[in-house]
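Here chain A shows up in two complexes: once beside chain B, once beside chain C.
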Partner chain A sequence: MHDLIALTALGGADPETCTIGSVTCSEVPDVALASVAARLGREGETHSALAALIGQKAPGIGQFSGQTLIAFWAGPEQWIVEAPFESHEGLAELVKDGTKDAASVSEQTDAWARFDLEGPDVQSVLELLCNLDCRNLATGGAARTSIHHLVCFLLRRSTDFFSIYAPRSSAQSLQHAIVTAMKSAL
Partner chain B sequence: MTQVNRLNGGQIDRTSTLNFKFDNRNFTAHPGDTLASALLANGVRLIGRSFKYHRPRGILSAGSEEPNALVELRTGNRKEPNTRATTIEMFDGLEAHSQNRWPSLRFDAMAINDRFSNFLTAGFYYKTFMWPAAFWEKLYEPVIRRAAGLGTMSMQEDPDEYDKGFRHCDLLIIGAGPAGLMAALTAGRAGSDVILADEDFVLGGRLNSETYSLNDDIAANWITQTVAELSAMPNVRLMPRTTVIGAFDHGIYGAVERKGDHLSAPSEGKPRQILWRIYSGRALLCAGATERPIAFENNDRPGIMLAGALRSYANRFAATPAQRVAIFTNNDDGHRTAADLHAKGVKIAAVVDIRPEAPLNGDYEVLRGAEVIDTKGRLGLTFAEVKLADGSNRTLDVGALGISGGWNPNVHLTCHQRGRPVWNETLSAFVPGDTLPPGLTVAGAANGIMSTHGALKSGAEAATHALDLKSDAIAIPTAEDAPVTQTPFWYVQGCSRAWLDQQNDVTVKDVKLSHQEGFQSVEHLKRYTTLGMATDQGKTSNMGGLAIMAEIAGKSIPQVGTTIYRPPYTPVPIATFAGRMRGKEFHPTRLTPSHHWAKERGAVFVEVGNWLRAQWFPLPGETHWRQSVDREVRQTRASVGVCDCTTLGKIDVQGTDAADFLNRIYCNGFAKLAVGKTRYGLMLREDGIAMDDGTAGRLAEDHFVVTTTTANAVKVYQHMEFVRQCLFPDMDVQLISTTEAWAQYAVAGPNSRKLLQKIVDPEFDISNDGFPFMACGNITVCGGLRARLFRISFSGELAFEIAVPSRYGDALMRRLMVEGEEFNVVPYGTEALGVMRIEKGHAAGNELNGTTTALNLGMGRMVSKKKDSIGSVLSEREGLNEADALNMVGVKPVNSADKITAGAHLMDASGPVDAANDQGYVTSAAFSPSLNCYIGLGFLKNGSDRHREKMRLVSPLTDLTVEVEIVSSHFVDPEGERLRA
Partner chain C sequence: MIIQHPLLGPRDSSEFVYLGDASLIDRPDWQAENAAETFYDYAYLRDNPAGENRELWFHEGGDRSWLVVTRNTVTHEISKVELACDVARMRGRSK
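This part shows the complex of A and B:
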């Protein structure tokens, strides 16, 4: 077991949380990610392997599905698998073992910073952040969008609960944009 | 001061009193007032001075079309010039100043311009200030701009914040008058997702200014009930104080919501305004109509205003500009004003109607077939001179005159995508044509439907139609439905100074002059006279100008046509367009995983793209950056240094065709690269020019990691995706960026291996045999953490790059510093990195500058002829391969104390210094601590064959001439022994 101490995307030892009004923005470092892209002509095998991993059908365009392991659609024949970091730090290997040479797998755990936005008024914050029609994004929906000039993924986990994945190096800028929007809207 | 002209009734809250100041005088008002209504109620008619002639001006309108009553609102850094008093919602403590006057509003020295009006006609400046040409920019223009103009800027930073936002709806309704409210009710009850936006702070539109009844009840009650019902609908969003400013592509509308303009200052963290981008399935324009004035002699005195505005002030704001009022009209609507004002107790001196059969009224005199031909009153209207039907004159003693020339539908947004309005003979006005922005329909007065019933009905029908609802929707309230016809009457014949555009001081005579001088197209008329320019965009003046141009040209108004309406509909502060993207928030900042560690070490950062990179790490006692940089270079070359190179682009390339794919991308061969090896690669653009360089490491048969320069990371990734998706879709290759996923550090110097051996887990052999130059592989460090190791060198030293998951980057850097203490390890920044790569002769962004080829860079032989790769064919173009092509060389001063400067040009040792004799130029330069003098890299014609030649390095711009020697670009370890050690 190595002895290096991990920092969150915001640079702290512990994740930051901010609540304004009814909405809470939380940094979520406890997540492992791996990208899966089907190889040419191996799409069917990749779908099956992915389904076996997440315990559900591979999600279609603009959706996510799964239980402990969740996969969200990231592009044509491409997904990102998400799992708890504590138990799945080696997620990429697990996914590679599952998909074998049917898919290309890449560790993405620290490529992204995750922020969860939760609360009854979350929509009034999101409408200041991105041009996605978040009110009509169904629960289980996942979409690429741009927030504060950053390419992000937005997942709607329940009515008032969204996750944002943004490039890790810009976590501080993104958090500032989110908190500014929360102060403005709430 | 008491509110001498305050009437009874109105929609103001008299239970509360607000204090405000205009030109440092104290006044009172009530919630519900605008600055304009409050000033009128307080007996103030004179608000400002005109643009050019500095004539006293008052309030013309009661809405956003106002050309005259412009003030500087607020003070200090919140001062906002050219703000329309008619749209400023009153708040306690409001402070406003009149503008464009000196020394005071009542006595304005610049009013002398009015005496010279015969000279200051349209085109005066163009004709007069022609010589000498050089004087225009430095002298004439500044003087003219000071003399003629509007408000002044605070020249301080705006302290407020502005947001941008995005909303989506099935139906966007623009305007909440009778048509808009009925449309919202119809669509809202049907369950559609509706946004109802209105520029006013109360909904109801024109109904708030009228005394009509709806369903035999006062209109205000219907508005209250309707707004209450709409407010309770979760599918309807009401947006008062929101101006829809433009119709853009695909049903997208821009809207400015004024969140804090009605407050003295926005609350902490709250925006002053929000610029909304509204994505609509359908849109419905219910923007109403704007009343048009009639031009006559001296029609611009304070107290002369639109008749409909007089009615608004009386009915909605309980204010009147004077207690004795006359009306000058060509239509029935003017009579409504007279009736409403009379009912409020205002004395109607007369209604002057140009129509011989104008309706009579028992309560006041109607002068049929009469015209107002002149007015008097220096700072405000005192008398109106009327020419009666029988040819005699009569003087009316009045403090205000309401004028009505009919109403123009507000078609502006229908024209934002170059739609052309069409002429309606019955209304003598332009109405929306059939070339509307897709998805937009128009209802109510904006569509030329002028009765209240018509507006209500058309609003409901338009919503039903737009959303394809069932047509049995909802009952239309009963309301007046009088037919409206408008006889054109634009100006009183015989007048010499009759104002058309009061904002720009354009008179009837100016339009005639424009025609006379050949500026007859409406677009020329606009530019020549400035008619319709500035903050009001001619909302009250364009039609008059067109009509007069048509009359002179002997054409019909539709033949003359209109100028194109463009966004924004009303002025928008630049700050609103900027939103949060100001200063440091202009773009997001990218921080490397060890940024906080670098900050602790006192690093000086530099922006590279969006990244912040440590430039150098000063130590106590170091007073100049060169001291820090020289130390970092010496210490690295002497022992070991560590540099954060996380910012370099990293692209994961996988798939069975990954090697073939890279063979296409790079000009040099990659297919045969062994697993566990790294190779330097050069990418060319299609045109054969060098695009980017970097390395690619082969981690498995079907897995490469490509690195790019920091600056080109995104561009290279885009290029590779383009090649993958568009050029070679049949290749089995998958790409994903892993730049952010890995924290990567260069560990360089003769002791770099020793340092790394302390942290790399012992099962991995990184000796020179076990891990030779250009090796790469997956390893573990510090007891099991997955990592990647590359034996590559940018500095020319024995060097490695080690990558760990980003979250451990900070810890790894700290560990390297602790473990490296025994080797006197030094962290180095981008400056030392740059110095060392120049010493080693490695090209970077300065050399890969978009003009250079592989040949120029000394890598001509790298372009493989055994395969096809992007850019390889066009790199063979004759022009890129001439005998005296530029080659990369090193440059050293002959006198070691001389300085080499990047950007300077190379000239022969003697002879003229000019472009014709230019031999090349220096792209990078630095002080080399290793050589103890300045050195440079550059491009020289046939440079490979000119080593040891003495030349002059010149920069005429900075007056530099240095004698230099051309040398190999490899200043340090040219044989590469160190990096293979």
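This part shows the complex of A and C:
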């Protein structure tokens, strides 16, 4: 067995954190992801299977819900399921077992890099980063929008706490954009 | 320019890309007798009205849905935005 060292999306052995003013941007590598797309005519079954997985109603348009397993809306009849990597490394398999042939599931772990933005002035940073009206995105809301020419998912987990998912191969570009916006805004 | 996405509400037009005329939804039958002629029309011939146009837009920087946007090319006013799948179904398509 090879003894390989896991690297984060930014290339370090440990996740990077950056605090400017009251806002902290942290890289979050320990998440497992899987995408779910309901097949034509099987939307109802997919909704129930998702609900059984996350323990709550399948999230509607622009929403996310769940506890340990979280599902967020990614598009019409499409979701991404997120879980802690430590306990759910085989998340896609688990989701596929739940949805059976009602939905198409694909492994997304390590396809995305997650950054958490937290702090009282987080809105001033987001204003510079994206066109989305983040002040009107309620807690529990999820949106897909463009940040720095990258298509990202944005989740509002609480009043001052947002998560951003960007394509992993563009992690450094996004981090650069976030830190630049933080320096300008704060 | 703001596009009123039927599912997501107002979104900046920079999140969208333009494909072309909404008549592209009506792809001709490739097995028909006159397929060559109808595909020639379908691929090359367009009206170019100064005024209201129905166009296909893709929400690339968003939820990846296809929209039919009714836009006035003289005033740039957007009067209607529909999901392209709804429009296609209204025209009798099954998917």
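Here is the rule we go by: the second predicted complex is superposed on the first by the 183 of 186 C-alpha atoms of A that agree within 3 Å, B and C clash if a C-alpha of one lies under 4 Å from a C-alpha of the other, contacts with A are read in each partner's own complex, and residues count from 1 in each chain.
Here is the rule we use: contacts are C-beta pairs under 8 Å (C-beta built on N, C-alpha and C of every residue); 3 or more make two chains touch, one makes a residue touch a chain.
Keep in mind the model is a prediction, meaning the values are calculated, not measured.
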Touched partner set for A:Arg39, first chain B, second chain C, both or neither: first
Chain B versus chain C as contact partner of A:Thr180, first or second or both or neither: first
Chain B versus chain C as contact partner of A:Lys57, first or second or both or neither: neither
Touched partner set for A:Trp112, first chain B, second chain C, both or neither: first
Which of chain B and chain C A:Glu127 touches, first, second, both or neither: first
Partner touching more residues of chain A, whether chain B or chain C: B
Which of chain B and chain C A:Gln172 touches, first, second, both or neither: first
Partner chain(s) touched by A:His2 [first = chain B, second = chain C, both, neither]: first
Partner chain in contact with A:Arg157 - chain B first, chain C second, else both or neither: neither
Which of chain B and chain C A:His47 touches, first, second, both or neither: neither
Residues of chain A contacting chain B in one complex and chain C in the other: 40, 131-133
Chain B residues within the chain A interface of the complex: 161, 163-168, 193, 268-271, 274, 277, 279, 580, 585, 587-593, 595-596, 610-611, 646, 652, 654-657, 702-703, 730-732, 734, 736-743, 780-786, 804-812, 815
Chain B-touching residues of chain A, taken from the complex the two chains share: 1-9, 11, 29, 35, 37, 39-41, 78, 90, 101, 104-112, 127-128, 130-133, 135-136, 148-150, 167-174, 176-177, 180-181, 183-184
List of chain C residues in touch with chain A within their complex: 7-8, 10-12, 14-15, 60-65, 83, 85, 95
Contact set on chain A toward chain C in their complex: 40, 61-62, 74-76, 131-133, 143-146, 151
